[in-house]
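If you scroll down you'll find the structure; I have some questions about it.
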Amino acid sequence: GQSGQSGGGGQTRVTLVQGLAGEEFYETMACGAKAKAKELGVALDVQGPQKFDPTLQTPIVNSVVASKPDAMLIAPTDVKAMIAPLTQAKQQGIKIILVDTVVEDPGIGLSRISTDNVKGGAAAAKALAEQIGDKGKALVISTDPGVSTVDARIKGFEQEIKASHPGITYLGVQYSHNDVGEASKIVNAALAKDPDLAGVFATNLNSATGAGSALQQAGKLGQVKMVGFDAGPAQVKQLKDGVVQALIAQLPGDIGAKGVEQAVAAVKGQQVTPSIPTDATIVTAQNVDQPEVQKILYKAGC
Amino acid sequence: MKGVRLGDLQVLWIGLVLVALLAAFSILAPTTFPTSFNLLNLVSDAAILLLLATGMTYVIITAGIDLSVGGVLVFSAVAAAEVMDATGSLALGTLAALVTGLAWGVLNGVLIALGRIPALIVTLGTLGMSLGGALLLTGGVDLRAPTDLNLGLGLARWLGVPLIAWICAAITAALALVLAWTRFGRHTYAIGSNAEAARRGGVAVRRHLVKVYGLAGLLAGLAGHLSLAKYGITGVSAHSTDNLQAIAAVVIGGTSLFGGVGTVAGTVIGVFIPVVLQNGFQILGVRPFWQQVVVGAVLVAAVYVDQWRRRARDQ
Amino acid sequence: MAVPLIAARGIVKSYGQVEALRGADFTLRPGEVVALIGDNGAGKSTLAKILSGVERPDAGTVEVDGEPVAFGSAEEARGAGIETVYQDLALCADLSPAANFFLGRELLRPGLLGLLGVLDNAAMRRATREACERLGVRLASQTAPVSGLSGGQRQGVAVARAVTWARRAVFMDEPTAALGVVQTRRVLDLIRGVRDSGVSVVLISHNMQDVMAVSDRVEVLRLGRRVARFETARVSMEELVGAMTGALETRDGDGEPDGSGPGGRDGSGSGQGLGREGGV
Amino acid sequence: MAVPLIAARGIVKSYGQVEALRGADFTLRPGEVVALIGDNGAGKSTLAKILSGVERPDAGTVEVDGEPVAFGSAEEARGAGIETVYQDLALCADLSPAANFFLGRELLRPGLLGLLGVLDNAAMRRATREACERLGVRLASQTAPVSGLSGGQRQGVAVARAVTWARRAVFMDEPTAALGVVQTRRVLDLIRGVRDSGVSVVLISHNMQDVMAVSDRVEVLRLGRRVARFETARVSMEELVGAMTGALETRDGDGEPDGSGPGGRDGSGSGQGLGREGGV
Amino acid sequence: MKGVRLGDLQVLWIGLVLVALLAAFSILAPTTFPTSFNLLNLVSDAAILLLLATGMTYVIITAGIDLSVGGVLVFSAVAAAEVMDATGSLALGTLAALVTGLAWGVLNGVLIALGRIPALIVTLGTLGMSLGGALLLTGGVDLRAPTDLNLGLGLARWLGVPLIAWICAAITAALALVLAWTRFGRHTYAIGSNAEAARRGGVAVRRHLVKVYGLAGLLAGLAGHLSLAKYGITGVSAHSTDNLQAIAAVVIGGTSLFGGVGTVAGTVIGVFIPVVLQNGFQILGVRPFWQQVVVGAVLVAAVYVDQWRRRARDQ
């Protein structure tokens, strides 16, 4: 807890608004941000909606703006719908740093920090194609359209499949609203509809967790291959259990830490970097136990 | 009229609880909570829920319940978005939202009043149907509002207050008066108090119920349109707990789930108590999970104070 | 002799296994007070509910002014000028006495407000207080809900309501059961007054003094059937009690199987009952 | 003279603005039948509820056997052997007559099943039927819920229940209001029988014949106060009615402000009322 | 006893609806729906909800409501997982789940019965508190069950039927008997039918309410433990609609939200109707959004048939 009063003097106050409270990606991001904030002597608050939804994130942004922090790190849940509340925040003089996702208005976000998601999507397509022998039906499970990161992953995935893997029948995208249960339901239904489903690409953490547990419950292990974005604890377990064949791990902790750095720079009137790409690593059953890979797996808390 | 008379006192006590909360947050965060910026945001966040809760007040006073409001809201928003997309006319979009909302409400009312199916089941069914229908229409993904709606009505202000808040406030005030002072309101209370007595007294109970559920649907339809304007997105997944939120607001405001008593004024306060709590704790920087815990506890405490004061008065 | 205002024949009504009415007949003529009497569970209230449109009979015919009717609802019966004081009073406990008194017939404000449906609460309160006071019933508060009234006060509201609105007939199902001595007298006076103004009255009561004092005729229900009719002037209290309990019907006897209700007996005995009619 | 079984003094009870009792006194001696009478809204039911632990007085004292008590609940009063027939009957409409009859005192099966709390429904049904039949009340079905009973049948169940369980005293708030002629007679007989077995009875009734026929003493409530007490043998019906309405109290007069209830008057008049006591 | 007698008939009609649904799906998908594999899956999916719905039946018969069940379930699962993690003892974990469930239930009961706060508000508050509390304990992420629980109780079968289903069935059956045949059940009906009459009749109404809500909490705690065993995770975000599902099952089964009537047998059928619908439509390959629509519609229709038959019988 942290008092909401703008102390007038001294300490810089930063708030991180997650896309979804409690998701390991965002929790790891918060951990990285907290560590960096401590290091820099910055006060950091973390807020986030119960669902991945702009209509729930908007009131949170509004109350954060009311509490007048010096800077706000935010992972917007929609490229369009979050423009209005963020514009308001900008007008109040709050420095805005976009972490992970972005909005369409290029005027918002002094700095944008995220994985190269198009490339990540293409990498996922290659990995999946390899697993299913370049043929069969492939499905994508995502969160919602209008989320910049996952949209980019889908774009990269589709481009790669169309360009280099003609044997694969692309079944299109299904949207889970970033809800584990929804994702699991979607895969269940997909299995009922296409019993010969060969591969699944899940574009983010909750989608992958849900899709994996559906495959596990249906007893389709090995028969349906899966590649997932992100490397949360549940996903790593699924990887080890053979439910999932490959994970694309981002560096959420780094994103958070860099976000705080940029925010502090912006508040102090120093130079900020408009765009910072972060790395992604492909995690498989073979490399998962290596120490450098272990280090980047997401954490439930810090 | 007990509704009016007792209602006023109820509103008094629970209103004091709200005032106490506002005072507490203002003291804890004097430079950030009681700012016009924050309070206006708070009002405009609550405005749309207020419409749903006002309709729900009527429904619950008849001893009914409407679980479908969130689904109807989404369906109407989708209908409006699609109509505006197809015709380019904002007016036709508004009309589409209102008409579809009304239609779902009337369907509820007809099934409940003529089919004599428990309201809980009917509206649970139409919740699934309207949400599923909205998802079918959109393929499961949110539609976006036309820019001139989102940046027009969505941002418009009058005397510094969002137009959406004015609209919701005006409608709520009108419906508060209708409930307290008109024949329509009187029959609403009578049906909830003793539907059989109302029937024997010559009140057209079934027709009235269709109207009440129709009203709730109409308000949900309007709420869908306003939400589309405000958030720019149809929000297909964000409204699954709207029904509980609206019901809770109504009950916090002193309306009995068993019907026959209640006021819109109470509901207004019942809408604001959780909204203020949420906003206050966010401003104080309480972590999200703690917020859930604290909001739950304070809610119970607030209603307890209300009940306790009321009991003290009665005895 | 005039066409009966209400003539019911062969009314049957069952609730699940229980036969409340097993072919009951009933006649009400214009401008008369008929007492409908019978033991507990004889079917009086059920008959009253059917004739006032609240329940539908399973079989049988109802004629009003010689025309067959099938009241689908209490509204229709009220449209025909028939009002009822129900035994369970049928009041909305959360509403004020005035709101109950005017339920379904609310007074609206004059002018524009009235067109908008705005109630004239002051006028309704005034009228309600006056009607109750005419019965000697005082209400401590005009705005408190009916749930706070004493048993007698509630009954007063229900009786005053029915009497005020009736144009052709009033059914009163034990209207004085909860009333005080004075209030009961006033209701009996009121019944005579109503009758004199041309409105027929059906009085359901267990109080034989009241029945004798106020009725022109008596019809007796037993086990869901009309078993006797009398002119009040020519009958004694003992005869009435005998007809209700079946003690007078020697051929019918009262050796019914123990504990059986209306549904527990077969169809015998009705003919004899009618044979005892008091020459109406 | 024996210590009173129940002695209440200066009982005050208000509901919001309405003062239902304004310093009421009441005495019940062992083995007597006291009629508690008064106009509608006089406060009789409220007093009965306070003395049977259902409501708490705002002020005043209640003594049982000379010891001050403060019944916190109906259970405590029942523990002291006091049972009540409430004017609103207080039955669970969804339960069967037998379930209501034994509510709070259910019979359990013998043996292990009983230890597990398993009900002996057959025995309860039997006992209930017998108790009701003793009053002449026949129930068409033993398993149908009370909501399907006629008004008189319901009252029969409530009266039978109270009488069966009372050990020291029974309050009966208008116990025969809905009962038929025969059933009413039986209840009056029962009241005498109960009294003869040593249980005191408080009969609240508007029927002066019944009051005269069965009571030993009469206490009169008016506007929330006891205004008179009489030995039944030495009083006439006119006197009773006069005491209830206030017509007899010339100094008090009946020129009360129009329409005011119990709450509408000030504290005068009680002394005179007690001055009129019938030499008890 | 109306509860029992009428209940039996209610159960008869709505049971026929269930049978009709089973028959219809068996005809439409003869090789996939009526297989023991599918039906066992179906039963074991429904088993845990059954526990919640049985507790809810008691609560609703007292004219109450319990919105907190999903939160209590999650909280208990988290407590069990943490205790097993800390102590390594499955038995202590089970105990932890039961004790925390009971504690939440008793808290509900005390606030409702002694605080006289509307049940809806109390349990909405404890829903937030228990869910928030669970999220706090876990940092918002699912905990995993120890492998020997997940692979032991989670997979165990007896006579080919999952042990979890047996446990839930046995408890449900026992509670059905308690409700229908014991003093405890009788007092439950009496309170819901007329709490004031029960109080005057000497039923210890408040104490009984605490027991009933305690029972509902205990069952939710057990459900949490079983769900942890079955799914292997605490499911912190998967139970937000458990309350509505349980309430719907109870109402479909013929229990009135106004209290005083209802049976556990009805609830069992009420649990299975939506589950069968969902499963059947999935097997038939109905598209997900259509499923929502169709389940909603069939639900209303099923209850309509039930009401209509019952009305025909009554009149």
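The letters A, B, C, D and E name the chains in turn, as written, and every chain counts its residues from 1.
One rule holds in what follows: contacts are C-beta pairs under 8 Å (C-beta built on N, C-alpha and C of every residue); 3 or more make two chains touch, one makes a residue touch a chain.
The structure displayed is predicted, hence computed values, not measured ones.
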Smallest number of contact steps required from chain A to reach chain B: 1
Farthest chain relative to chain D (centres taken as mean CA coordinates): A
Pair sharing more residue contacts (C-beta pairs) when A-E is set against B-C: B-C
Between chain C and chain A, distance of the C-alpha-averaged centres to the nearest whole Å: 74
Inter-chain centre distance, chain B versus chain C - centres from mean C-alpha coordinates, in Å: 44
Whole-Å separation of chain centres (CA-atom averages), chain B against chain E: 28
Whole-Å gap separating chain C and chain E, where each centre is the average of the chain's CA atoms: 47
Per-residue overlap in chain E, given as positions that touch at least 2 other chains: 135, 140, 288
For chain D, residues that touch 2 or more chains besides their own: 15-16, 144
Where chain A touches two or more other chains at once, by residue number: 21-22, 179
For the chain D and chain E complex, residues of the former touching the latter: 52, 54, 73-75, 78, 84, 86, 90-96, 99-100, 103-106, 108, 116-119, 121, 143-145
Chain A partner contacts - residues on chain B that touch it in the complex: 28-33, 35, 37-38, 41-42, 45, 140-142, 144, 150-151, 154-155, 227, 231-233, 235-239, 278-279, 282-290, 292
Footprint of chain A on chain E - complex, ascending: 135, 138-142, 144, 231, 233, 236-238, 282-283, 285, 287-288
Chain A residues touching chain E - in the complex, by the definition given at the top: 21-24, 27, 179-181, 185-186, 188-189, 192-193, 213, 232-234, 237, 300-301
Parts of chain E lying in touch with chain D, wherever the complex brings them together: 1-3, 5-6, 178, 181-184, 186, 189-190, 192-194, 196-204, 260-261
